[in-house]
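Chain naming follows the written order as A, B, C and D, and within any one chain the residues start at number 1.
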Amino acid sequence: MVFDKFKEECGVFAVFNHPEAGNLTYLGLYALQHRGQESSGIVSSDWTQHHAEVGMGHVNEIFTEARIAALKGRMAIGHNRYSTHGQSLLKNAQPIAIDYARGPLALAHNGNLVNADAIKERLEREGSIFRSTMDSEVIIHLIAKSRGARLQDQVADALRQVEGAFSLVIMGAKELIIARDPYGFRPLAMGRLGKAYVFASETCAFDLIEAGYVRDVKPGEMLVINEDGIFSSFPFAPAPTHHCIFEFIYFARPDSNIFGENVHTIRKRFGRKLAQEKPVQADYVIPVPDSGVVAALGYAEASGIPFEKGIIRNHYVGRTFIEPAQSIRHFGVKIKLNPVREVIKGKSVIVVDDSIVRGTTSRKIVKMMRDAGAREVHMRISSPPTTHSCFYGIDTPTRSELIAATYSVEETARFLGADSLAYLSVEGMLSAVHERRNDYCTACFNGRYPVTTGIVESQLALLDRRPEHPVTAAK
Amino acid sequence: MVFDKFKEECGVFAVFNHPEAGNLTYLGLYALQHRGQESSGIVSSDWTQHHAEVGMGHVNEIFTEARIAALKGRMAIGHNRYSTHGQSLLKNAQPIAIDYARGPLALAHNGNLVNADAIKERLEREGSIFRSTMDSEVIIHLIAKSRGARLQDQVADALRQVEGAFSLVIMGAKELIIARDPYGFRPLAMGRLGKAYVFASETCAFDLIEAGYVRDVKPGEMLVINEDGIFSSFPFAPAPTHHCIFEFIYFARPDSNIFGENVHTIRKRFGRKLAQEKPVQADYVIPVPDSGVVAALGYAEASGIPFEKGIIRNHYVGRTFIEPAQSIRHFGVKIKLNPVREVIKGKSVIVVDDSIVRGTTSRKIVKMMRDAGAREVHMRISSPPTTHSCFYGIDTPTRSELIAATYSVEETARFLGADSLAYLSVEGMLSAVHERRNDYCTACFNGRYPVTTGIVESQLALLDRRPEHPVTAAK
Amino acid sequence: MVFDKFKEECGVFAVFNHPEAGNLTYLGLYALQHRGQESSGIVSSDWTQHHAEVGMGHVNEIFTEARIAALKGRMAIGHNRYSTHGQSLLKNAQPIAIDYARGPLALAHNGNLVNADAIKERLEREGSIFRSTMDSEVIIHLIAKSRGARLQDQVADALRQVEGAFSLVIMGAKELIIARDPYGFRPLAMGRLGKAYVFASETCAFDLIEAGYVRDVKPGEMLVINEDGIFSSFPFAPAPTHHCIFEFIYFARPDSNIFGENVHTIRKRFGRKLAQEKPVQADYVIPVPDSGVVAALGYAEASGIPFEKGIIRNHYVGRTFIEPAQSIRHFGVKIKLNPVREVIKGKSVIVVDDSIVRGTTSRKIVKMMRDAGAREVHMRISSPPTTHSCFYGIDTPTRSELIAATYSVEETARFLGADSLAYLSVEGMLSAVHERRNDYCTACFNGRYPVTTGIVESQLALLDRRPEHPVTAAK
Amino acid sequence: MVFDKFKEECGVFAVFNHPEAGNLTYLGLYALQHRGQESSGIVSSDWTQHHAEVGMGHVNEIFTEARIAALKGRMAIGHNRYSTHGQSLLKNAQPIAIDYARGPLALAHNGNLVNADAIKERLEREGSIFRSTMDSEVIIHLIAKSRGARLQDQVADALRQVEGAFSLVIMGAKELIIARDPYGFRPLAMGRLGKAYVFASETCAFDLIEAGYVRDVKPGEMLVINEDGIFSSFPFAPAPTHHCIFEFIYFARPDSNIFGENVHTIRKRFGRKLAQEKPVQADYVIPVPDSGVVAALGYAEASGIPFEKGIIRNHYVGRTFIEPAQSIRHFGVKIKLNPVREVIKGKSVIVVDDSIVRGTTSRKIVKMMRDAGAREVHMRISSPPTTHSCFYGIDTPTRSELIAATYSVEETARFLGADSLAYLSVEGMLSAVHERRNDYCTACFNGRYPVTTGIVESQLALLDRRPEHPVTAAK
C-alpha cells in the first residue's frame, strides 16, 4: 500500500511517575509515528498544572530540546494524529488540553466515535462551545458536564454516553485514567519501566524506551493511576470483542504485539495462506515496499518461488512534490518507487501488496512492471477485497471510491492491467488468527458492522449503482 | 551500514536544453538524495544570467514551488552534498556560483582532490580570496586565472592542474561542460530526454524523469554542450581505470547501473560469494536494513537458509534526537532499528551487513539480537575488512578509528560479541565484477592507492601502534 | 510617558458590506496600532462561514498578502490587543472565533468587565470549558447559553449579565452587532464608506480608509446591521455617562475625535492650563517624546517660554533589547531617548510629560537632563497624580506601585531629583472638557469608582501603609 | 522628507579592546539605524579567528542574544547598510568577511567609490572572483593582492588606488585599521570607553554606550590600533576638504555632532535663515514629521508664527503594505501621515520639509492639507533645490527624476498645487556653517563635483531636455 488507500489512524502514549515523562512520551510517539504523521502533541503534568507542546508534522520536526524541557513533571500523555474525523488543522491536534472547573484536563484518543454528531448537537443546544471538529472533543464536554464526584466518575459517566471505538489516555492534575471501549477495536498495552507505568497503542513503543510489557488494557477496562496506586474497573456494559483485523494487515508495526499476537507472524501467515489459496507460476515474488514485504516473504516461502527486491522505495519523500508541467507518466508512484529493471526484465513476476483501495496506485505499479520489461504481472493481495468503509477509526474512503465495492475481481484485474489478480479469502485471513477468529471485526470486507448506533442509514446502504465514469482497462 | 561508518559522498546532475530544466534538476537531485543529505543546490541559466537556489537539508525541504519557478532558463546543474572536505555550512553548499571576467560560472563536483591544499596556498599568496573551505573551489579559481580563450580551454587548463577524483558539471552562460577524471573514480552517466541532454551520478535519476540512458561519460573525457551541439575530447594524460568498488558495496542505489553494471546484481553476487566463502549453519539470514538487504538475499539464496526480516527500521528519523538523561542502553541504534523478538527468540541467526567501520554499531546490533533471545549470532560482511582511509571522495575516518586496521577478525568478533564474524575476501569481491576486475580501486581494503600526489606522507603511513584504549569484549 | 506606566488597552474595528472587508480591517487595525501591540486578529464572514487570521506582534508583521486574501467575504471585525486581563498568549488574541449551535460567531472587545471572575466560576460549575484567560470569553459563553431567539437577543441577554466597560463588535454568519456599555467608558465611532458601514475605536481609522465619520455609538446602544438595514436599540438599564478621561491624556491619537472632542485640542488645553496653574521660569519647554509633545506645545504657548526638541526618540526599538553585562547606567531609557546636549547644556528646562506611574522612568529622564548639563530641571505633568488603579480597561499597576498613591508631590520631586514637580489639578483637567465635565470617569485620580460590582473589597481599600522599601532621593 | 527622496546611506562602528565588543557594536549599530535599514552585520575577532553575524532587516530583528553571544572576542566592527551601489541581497550585506593569505579580514565601508567599476574590470581580467555587487569589495581584493609587508601597508596600498568617499573600519586578526578619504566626505568620530577605543559614523552611538567623544578621524587619516597602541598616519595625497552638507540637512541625527558641529543647531539655523529669506504670512508653521521638525522650529522662532503639530506620523510602518484594490487616493503617504483636521481647517499653513526630490510626496502632502480644509498651503524647504545626483554615497536618483533639475520653482509649485513654494538659498545654507563654508560639498545643488575620476562623462552631462511626460498641475 503506497498512497491513495487507507490513511493511517492515531497512536497514543502515556507515562505515570517518571522523572523524564515528557522525553519518554516523545520517544514513544516517535516509535508510533507510523500511526499518524499529520500532527503530534504532548501534555505533561507537574501535579499542579499542565504543560502542552503540540504541532503539525512529524515528531522529530515538532519537538526541540527546549520544547521537551518545557514539559515539566512526572506524568505525560501524547498523541500522533492522522485525521479520521475533522479537518487537518492545528486546532484538531491532540492531546486536547483544557482548564475546567476541576482544573487542568488533557485527553488523547485513538478510534472513532459513531454517535459524536448527535451528542455534539445536543451539547451545542445546551450552550457548549466546540473549538475543534474532532469527535474526541465530545468526551471532554461530557466530562466537564458530569456531576460525578471524582474525575474517574466523570470519565465513566462520559464514556457510557459514547458509542464506537476508543483507546483513551486522560490526565488530570494528579492522576492518569486509561480506558478502552468494550469491543476492543483498537489496541492498547500496559508496560512498566522501573517504578513508572507506561501505556501505548503498540508494544514497539516499549521496546524503544526499554519498558517491559505487562499486559493489554482489556476491552471495557478503565484504569486509574495516582499516588495511591493503580485501580482497574469495568464501568461499561459488556460486549462481544471486535478487534480490528486491519491492524494486522497494514497498520501495526511488524515488531509490535497486539491483541495477543505478533504482527510480523500473523502478516507472514497471511502471505503463506495466500500462496496456498491463490497459487501461480512465476520467476519471482516481488513485494510492494514496504507494505507488502512481510506477506511476500510468506508467499515466497509457501510457494517456493524466490523472493526478490525488485522495487526500490525512496524514503526521502516529503509532504509535497513539485511535478513538471509536461507531466511525466504516472508520476505519483514514481516519486516513491522505482523498479530494478535488471531483475524484472523478461521475467514473470508476482507482485504482493497488502490491500487495494481505489486501485489507481496498483494500476501504476503494474504499468511500471511492464515498462521494466516484465513478461507477466500477477497481483496478489494479502487481504480480502475491501468493499465497505470503516466507522471505527480507519480512514477508508466512501464505498463509491472502493474499487472492490463495485467491480468484480476480473473487472479489477482488467483495470489494473494485470495478467491475474487474486485476494486472500476472509476464511483464509481468519484462519491466520486461529481459535480467536470470532474476536475480530471484518466489516470492511463484508459489511457486518458490529456497532451501528449513530451511523446514518444512508452511509450503511449498499450503493446500487456503479460510479459514473466507467472503468477503463489499462493498456 | 547504519550510522557511524562511511558518510555518503556527493551527487551531481545537469540538464541542457529543456524548458523545465530547474524542475528536472530538482527531481534528479531527489533521486540522488542518498548520495548527500547535508545540503542541496541548483543553478540554472537563462543564457544571459544564472539563477541560484541553495539550502541546507534535504531536497524536498529546500525547494519550494516558488524557488523552482525562480530557476529560469533551459539549462541547469545541481548538487547534493555530504561533506568530504570542508565544514558543514551553507557557504560550502554547491553548486558554487560566481561571476567572473567572462560572466556567470557555476560548478558542481563529486569526488575529492588530493592536491587542493597546495594549490589553495599558492593561489592565496597571489591574492585570491577563498570564500569556502571546499576543495572544489580551487577549480573555480584556476578557471578564473586561466588565460584560455574559451571556457572549455580554461576548464581543461584548470583540471590539468588538479589530481584526484572528479565527476564535474560546469555551466557558463550559454554552455555546459562535463568532465570526469582519467581514473574514473566516481560514476557519471549521460542520458537523453527528447532534445535535452541530461547527466547524473547514477542512472536512477534518469528513471524518475523518464530519460533514456545513452552511455557513461568516459574516464578522462570532457564534453562541451552548447547551441552548436555536443563535443567530446580527452584533454588529460591517459591513466589506468580505478572505479570505486565501494559504490557497489554501499553507496549507489540498487536500481542504478554504474560502471556498466547493475548495482543490485553485483551486490547480490557479493552475498552469494560470501555464503560460499564463509558458510555457517543457522536458522535465518537477517539483513541489517537497509544496507545489508540485497547481500542478505544473495547469501540466503546461495546457502538455502531462509531470509527473514528480523530487524525493523524506522524511517522517520530526523537529524537530531533528544535522548533522556538516564540513558537507555545503546540508544543510538535503537532509534533506527528494532528486532522482531518473535522471529529472533531461540534462533541461531546470520546477520548480514555491507561493511564495518568502527565496529560500535555492529556491536550494538549483536547485543540487540542477544537481548531479543538469539541463540547464536553470526556476523557476515559483504565486503573485505576496511583497513585504509579513502582520499577520493568517501568519508572514511582515519586509520586509527578503523577497527580492521588494528584488530584481527578474531579480535573484532570478540569486540562485537558475535559467535562468529567473517568478511568477503578481496578475491571474492573482485570475482563479482568478472573480467573487469583490474579496473577497480581497492585501496580501502589493501592500501594500494592509485593516486598519491598531494597526500601527505604521514596520512599514508601505516599506524604502527594500537589505539590507547584497548578493545573490550562485549558481554 | 515612555515605558513603565500604563500599558495600552485595545482597539476594535468592524466593516459591513464592502468587497474588501478584510483589507479595510487590516488598514483600520494598522491605524489603531497604538491601542495594542501584543497581538492582532481579523475574522471575516462570507455569509456562510468565518475566516480567521490571528497572530502575535504588530499588524504589519502578522498580515501578509496571502493571509489577507484568505479573509473572504464582505464583512469583517478586527482587534488589536494589549492584555488588560489574561496572559500574553496566542490563545488570548482576539477576535474570539467559535462555532456554536447557531453557526459561526466572532467577538472583539475593548474594555474590562468587573464581574467576569464570578460569572466564569458559575459557568464552569455548569460544565462550560474556557479556552482562554480573557474576561471577554464569558460574553461568548453567555451568548451560547442564552435561550434568545435571535443572535441580537442572545447578545442583549448576555450583556445584561456583565458589568464594566465594553465597546464590542460581534459577528454572526450574516449580521454584525455593535454594542457599548451604558457608561460609555471606551470610545466607539460609526462611519460610512460608500454603501459600507464601518466602526472603530477611534476616528483616525476612518481617515486612513477615507471613510466619513457619522456619529459615535451611544453609551448603552446596541446596533444590528444585516441585509435588512441598520437597527438601533438601548437594551440595558440607563446609567450616568463616565467617559475615560485618560483617553485624552495619553491613549488616543491626537488626530482622532472621541467623546465628541478632538484629542489634540483637549491635550493642548491640558498643557495650557498646566502653565497657568503651575508656572515656573526656565529657558526651554522640552517634551518627553512622543507622550508629552502636544501638552508641551500648549505649555510653551501659554507661558511664552520657547518649545525645544531637546530629547530625541529612537523609533527603531524592538520588543527585546540585549543589554551588556557591565550595565550602562539607566540603560532602559537610553535605548529610546537621547538628549541634545547642545540644547540642554547650561539651561534651565521644563520637562513636560503626560503622567507619572511608578516614577522610575521620570527619574531616569531627570538624571539624563542633568548629565546633559541642565542647570535646572522642572517636571510638569499634564494630568493629576495617578493615585488609584483602573478597573475599566487601562492597565495601571496596583496601588502600592503608584508613586502618587503613597508619596506627596514634594517627596516624589525628591525621588525624581527634580528642582520642582507639579501636576495639573483635577479641576484644571476637567475645565478643558468644558460643560461636559461631569461625564468623565476620574477614578484613577480620586478613587471615585462609578461601577463597583465584582470589584473585590480589598482591591478598593486604600493602602494604609507605605511600601517597605523607602524612597531614596535621586543624587 | 518622507519616502521617495534620498535613501539613507550607511553607518559604521568599531570597538577595540572591550570584553563585550560584540554587544557594544550591536548597540552602536542600533543608534545608527537611521543611516541604513536594509541589512546589518557585525564581525568580531577573538585575536585568532573572526565571528560573523549578518542579516537583512533592522538591527533589533537580526541580532538575538544567541547571535551576540556568538560574537566572541574583544574587538568588533559593524555596519548598517542602505544600498548606494549594488543590489539589495544578503551577499551585499557588510561587513565583508573573508579569509585570505594573511588570515581573517573584515571591512565595513560608508561612502561610495567613483572608480570601482574600472578597478573591478581589471581585477577580474587578472582572475579575481567577486562575490558581491558592492564597490567596497574592490578594496578587499586590492588588499589581498597587495605585496605590502603589514596589513596597514596593504590597506594604504589599496586605498591609494581608489577614488571617492570612504569612512572605513577594517579588522585583521589582531588589529583594527580606521581610514577616511582625504576629502572627508562622510563623518567618522573616535571615542573612548574606559580602556577601549570606539569609532562611529555619528556621536549619537557614543551617547548610548556612554563612551566619551575624543575627536573626529581626520580627512586622509589612517589609524592603526593594536596591542602596541594607536598610531596615526596620513598615507594619501592631500586634498581640499569636502564634507557632505546633506548630512546636516537630512541624514544625521539631531543629537549627533559631525564635522565639528551639532546637527540640531545647524538644522535649526537652516530654518531660521529660510524664514528670513522666504517669509510668508500664515496661521501656523507645520513640519512634515520627522524630517522637517527641527527646521520648522527654527522657521517658527524666526518668523514668530506659531509652530503646530498638524501632521501625525504613524511609526508602526513595516516594509510592505497591502493596499486595497479599489485604491484609496494617494495611499502611499496616508499610511505614514495623517493631518489633524481640527488644527488645519480654515487655516493658512506653512509646511516645512527638508528637501524635495521627485516632488510626488510633497504633492500628496499639499493635497492632504487641502483635503483637511487648509485655506492656504505654503511649502518651505530648508535646503536649496536638488538639481544634481550624488556620486559620493547619497542615493539620489538620476537627474531626469529630480524635479528641480528640469523645472523652475514656479513650475514645481504648480505641480505641487501649493500657494507658494520657496527653498533656502545656497548662500543661506552655507551661512549656517559660518566660517567653514568652503569645506563643504554642494554638488547636489550646483553640480560642482569635487572628485570626478571614474565618473562617466554621460553621467555628468546636463540633461538638455525635459522628461517626456509633462508635469501636470495638481488640482
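The rule is simple: a residue touches a chain if its C-beta (ideal position, glycine included) is under 8 Å from a C-beta of that chain, and two chains touch if they have at least 3 such contacts.
Model, not experiment: these values are computed from the prediction.
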If we look at chain C and chain D, which chains touch each of them?
none
Centre to centre, using CA atoms, which chain is the farthest one from chain B?
C
On a C-alpha centroid basis, what's the spacing between chain B and chain C, in Å?
63
Please report how many Å separate the Cα centroid of chain A from that of chain B, as a whole number.
37
Between chain B and chain D, what's the gap in Å when you average each chain's C-alpha atoms?
52
Show the residues in chain B shared as contacts by 2 or more other chains, in ascending order.
none
Strictly by the criterion at the top, what is the full list of touching chain pairs?
A-B, A-C, B-D, C-D
Inside the complex, what are the residues of chain D that reach chain C?
19-20, 23-24, 26-27, 30-31, 33-34, 37, 58-61, 63-65, 68, 204, 207-210, 253-255, 257, 262, 264-265, 293-294, 297, 301, 306-309, 312, 314-326, 328-329, 334-335, 338-343
Touching chain C in the complex, chain A uses residues 98-101, 121, 124-131, 140-141, 144-146
